[in-house]
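My questions will all concern the structure given below.
Labels for the chains are A, B, C and D, by order of writing; each one numbers its residues from 1.
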Amino acid sequence: MIIFPCSKAPRYRPFLRVVFLLICILLIDPSWSLAQEDLTESWFNPNRVNMLVFLVFFFGVIIYFIRRAKKGKSLFIRRIAGLDAIEEAVGRATEMGRPVLFVPGIEDVNQIQTVAAMIILGNVAKMVAGYDIPLFVPICRPFVVPVAEERVKEGYASAGRPDAYNRDNVRYISDEQFAYAAGVQGIMLRDKPMANLLFGSFFAESLMLAETGFLTGAIQVAGTANIHQLPFFVVACDYTIIGEELFATSAYLSKEPKLLGSLKGSDLAKAVIMGILALGAILVSFGVIEFKNWFFIQ
Amino acid sequence: MRREIPIAICFLFGISFILEYFIPHEGVLSIFETIRQWAIIVIAFAYVLGIANLLRINYHVVQRKQRDWPYKIILMASLFFMITVGIVFDILGVGLGGIGEGTIFGWVYYHAQYPLQSTMFALLAFFIASAAFRAFRIRTFQASLLAVTALFVMIGRVPVGESLWAGFPDFTEWIMNVPQLAGKRAIMIGAALGAISTALKVLTGLERTYLGGE
Amino acid sequence: MGTAELIWNGVAAFLVLCIYSFLYKDNPFYKFAEHLVVGVSAGYFAMILYYNAFLPKLIHPLLAGQWWYIIPGILGLLMWARFSRKYQWLSRPTLGFVIGSGAGVAIPLYLQNYVIRQVHATMLPVGFTSWPLITNLLIIIMVFCSLTYFYFSKQHKGAFGAAATFGIWTLMIGFGAGFGMTVMGRVALLAERVVFLRDYFAELLSALF
Amino acid sequence: MRKFLEKLERLDRRVIFIFIGFSIALPLLFPVYTDFSVTAPVEGFYNAIEELPPGSKVLVSCDYDPGSMPELFPMNIAVFHHLLSRGHKVIMMQLWATGTLLAERAMTEVLEDFPEKIYGEDWVNLGFKEGREVVMVSMGTNIPKTFPTDSRGTKVEEIPIMQGVTNFDDVALLMNVSGGLPGTKEWVLQVQSRYGVKLGSGCTAVSAPEFYPYIQSGQLVGLLGGMKGAAEYEKLLGRPGTAQRGMDAQSVSHIVVFLFIFIGNVAYFAVKGKKKRLQVSR
């Protein structure tokens, strides 16, 4: 496919140049920076130049590091502790011969957190495959069902056990948040899984699931980027993967570890953000607010 | 082809939605609004898959008389009941069909689903107490920070706290506006960068595991 | 309250008690309520989607001659290819559409709301001369250290590790505060349920005697 | 003794459940109304309504759902009651589909005290409109165009209360009962900062801290945060409702949780258990 930037890199270069040029023009041309009252007829929103610059910078950095990793340059990434926690929980379940439960959150597959959860799910399936213990995946949104089925099936297949895959273990329960929680609690209470893995986008049901899981004596590992629910996971689970670590874990576990380059990219972006923050704070302290204002988005 | 076309579609729609963010043109916005509606339609179709999955699994349980099978009959019966009074009654023109106020569907919603839902939600009052009792032990420094802040904020929010120490509300406010806010911002920034890079990998087809194997 | 309403509310009160019986332990009443809520809510959502999405967003525009709505119709129908083992792959374009548009919508919004807006809001004047300025400095230091915790390219050792540790402390204080804040809301939920039960039994008693 | 402490350390959760249940139920069944002071944001909210000349038109946007109902419904009732008792006219609308029914229910309860108030003259429900911030902004240019009919299908031109209402300049005050998004934040950013309308908010306890800065900056005239805010407001109104009674339950249950944590720690230190549950990644 020629349109994909990474598979055929040289073809991508002219495109990048054009984008770069455009941004330069946008930044220099003063007519863009004059905020117009009525934008309904124009083709570019000048109030969002700052967003465009950031987006292009961030995309560029990520793609650069992924390409570097693909070329075989070694990139140092520290071990992500969440991985050990998942492996330990699944390991304990296999020792005890008790099921593993994977809860992928309650949002649809068009949410990035759910996609990250699906990537992790495939690898959990791979870990479980050899041991003849069931892997239950209760699901809240119908659209997630086919994706989860595929991921589990593929996980079993790549571990050489396609026969062990049981379609009935990927279960749609209900779209309604608390009905879903009730259904998952039912699985926890009656099938007694030894490892509860809760990854994805959770809301108020987080504590219900984690408390019921504790009651059944399971080892619980949870991960979410929903800040308001993190306190409950931290309190009630054995191990909690916080915010960005969820995406990092999924990057680590994804098919090509080389995609870890994206972690480097996001690290660089973080460093730049810290620099901007420091500079901005100093400038504002001295009464220069133009720099800060540039980051204002309407 | 079985993988390239889906990935191309993914890329195309993804990039267009990114561009849409920068285009304030009315015509363009209305096109994208239509496409957003499409996603809702497509998801509605997927619902049939969900219901089929639910019925298949529960039917298997009943057929094989596995544990708790009578309850699965209740589950399927209530599902069929809702669909019957919702659609079938409406199409047949039987009274009280359809959804909304004053229909059987509405009654069941107000007197079964709503109380069940809100009662499940209210179970959290109990769980939050048992979780606090168990976890808030002064074991390590980190655990103590967690426990002590939780206690302060908790007591500072109720009238009793204020009568214990007049400065409690202000102190709670400070915790919320300084350390809580700072931690929240850091998680937000990190998580957003992680999400964006994952999204980018999905769009460009670098991460395509969601499509499944061949 | 009329007799019909009394009976309907009686059903509701019974179901409430069924759920609360779970607090003692799992039992047939709870199992009944659990399966009922799953079945009813699945049916409920099917109806909501039928009346609020399928009919008004697809069928009505199509009947009104807006032919381009055939595209989501086809994409939706392709999902049903999942029922066949042989043609399962036909559902993939639809997956691509939903995931792609979701990711595309998310990217600028995440960047705007969770990155740039936050950066903008954190650029605060700092100093040592007054309490607000010191507080601002504290906020910036805490954001810095917490971000350090999410840094993957470097081992958490030495000064860097110390910063990350301070970052975790900040996160812990934040989580504690979040937990403490929520207790009130959860208690309010239970209070509302108690009031419902109290009112119902009061009505019931006055109706009976 | 040691055995007792060990038992206490790993107390059966059901004991906690019983205590929590009673600590919430008993104060609701036998209220005592413990006293508490009224905070400035609530006073600001109350005064904003008090200071209006009678007959002022107040727009109330009820943006919440059954999930946040326990906290916001008592507030909603109190606001309607206050407005009608001062002789103001209530124009209500919703940006959440689930809010319509709840707002109507709140009004029905309030109207029991004011049987003389007439729909269309003293209050009107414009109903729910999809579109979140877009609706807010378009109301800024033209309210009748945004809501051509009320929730009952009557044309806005035919409703007496809506005569002379074209945009935010024609309402004396805007009140938002906010359960999440879109809610107070959006009203502040999209409407208050653009059109300078006076805005008050009632929100859940969880989101209140987010809105406090708006009070400092004067963008909100007042704020009711969660059940506590509603209780303070009810106190000012001199009309004890669910919230004020709920505050007793809040105080008692919070003390109970506090005591349990305290007992747990005492027992823990006495036994010096080695169990390790809480970990955070390094």
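What we mean here is this: a residue touches a chain if its C-beta (ideal position, glycine included) is under 8 Å from a C-beta of that chain, and two chains touch if they have at least 3 such contacts.
From a predicted model like this one, the values you see are computed outputs, not experimental measurements.
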Most widely separated chain from subunit A, with each centre as the mean of CA atoms: D
Two chains sharing the most contacts, counting C-beta pairs only: B-C
Core chain by centroid distance, with centroids computed from Cα atoms only: C
Subunit A and subunit D: spacing of chain centres that average the CA atoms, whole Å: 34
Whole-Å gap separating subunit C and subunit D, where each centre is the average of the chain's CA atoms: 20
Whole-Å separation of chain centres (CA-atom averages), subunit B against subunit D: 22
Chain centre separation (subunit A, subunit C; CA means) in Å: 16
For subunit B, residues that touch 2 or more chains besides their own: 7-8, 11, 18, 21-22, 39, 43, 46-51, 54, 68, 113-114, 116-118, 120-121, 123-126, 128, 130, 132, 134-136, 142, 146-147, 150-151, 154, 157-158, 176, 180, 184, 187-191, 193, 195-196, 199-200, 202, 210-212
Junction residues of subunit A, two or more chains touched: 51, 55, 58, 108-110, 112, 115, 143, 146-147, 173, 175-176, 178-179, 182, 190, 204, 227-228, 230-232, 234-235, 242-245, 248, 263, 270, 273
Residue list for subunit C, restricted to those that touch at least two other chains: 23, 31, 33-34, 37-38, 40-42, 44-45, 79, 82, 95, 98-99, 101-103, 105-108, 111, 115, 119, 122, 140, 143, 147, 150, 156, 168, 171-172, 175-176, 178-179, 181-184, 187, 189-190, 192
Partner subunit B, residues of subunit C touching it in the complex: 8-9, 11-13, 15-16, 19-20, 22-23, 31-51, 53-54, 57-58, 68-69, 71-73, 75-77, 79-80, 82-83, 89, 92-111, 113-115, 118-119, 121-122, 135, 138-140, 142-143, 146-147, 149-150, 167-184, 186-187, 189-190, 192-193, 196
Subunit C-facing residues of subunit A, complex: 50-51, 54-55, 58, 75-78, 80, 108-112, 115, 143, 146-147, 173-176, 178-179, 182-183, 185-186, 189-190, 227-228, 230-232, 234-235, 242-245, 248, 263-264, 267, 270-271, 273-274, 276-278, 280-285, 291-292, 295-297
Subunit D - residues contacting subunit C, complex: 14, 17, 20-21, 24-25, 28-29, 69-71, 204-206, 209, 226-228, 242, 246, 249-250, 253-254, 257, 280, 282
Complex contact set, residues of subunit D against subunit B: 11, 13, 16-17, 20-21, 24, 34-37, 39, 66-67, 69-70, 101, 205, 209, 212, 228, 247, 250-251, 253-258, 260-261, 264-265, 268-269, 276-278, 280
Of subunit C, residues touching subunit D in the complex: 23-24, 156, 168, 171-172, 181-185, 187-192, 194-195, 198
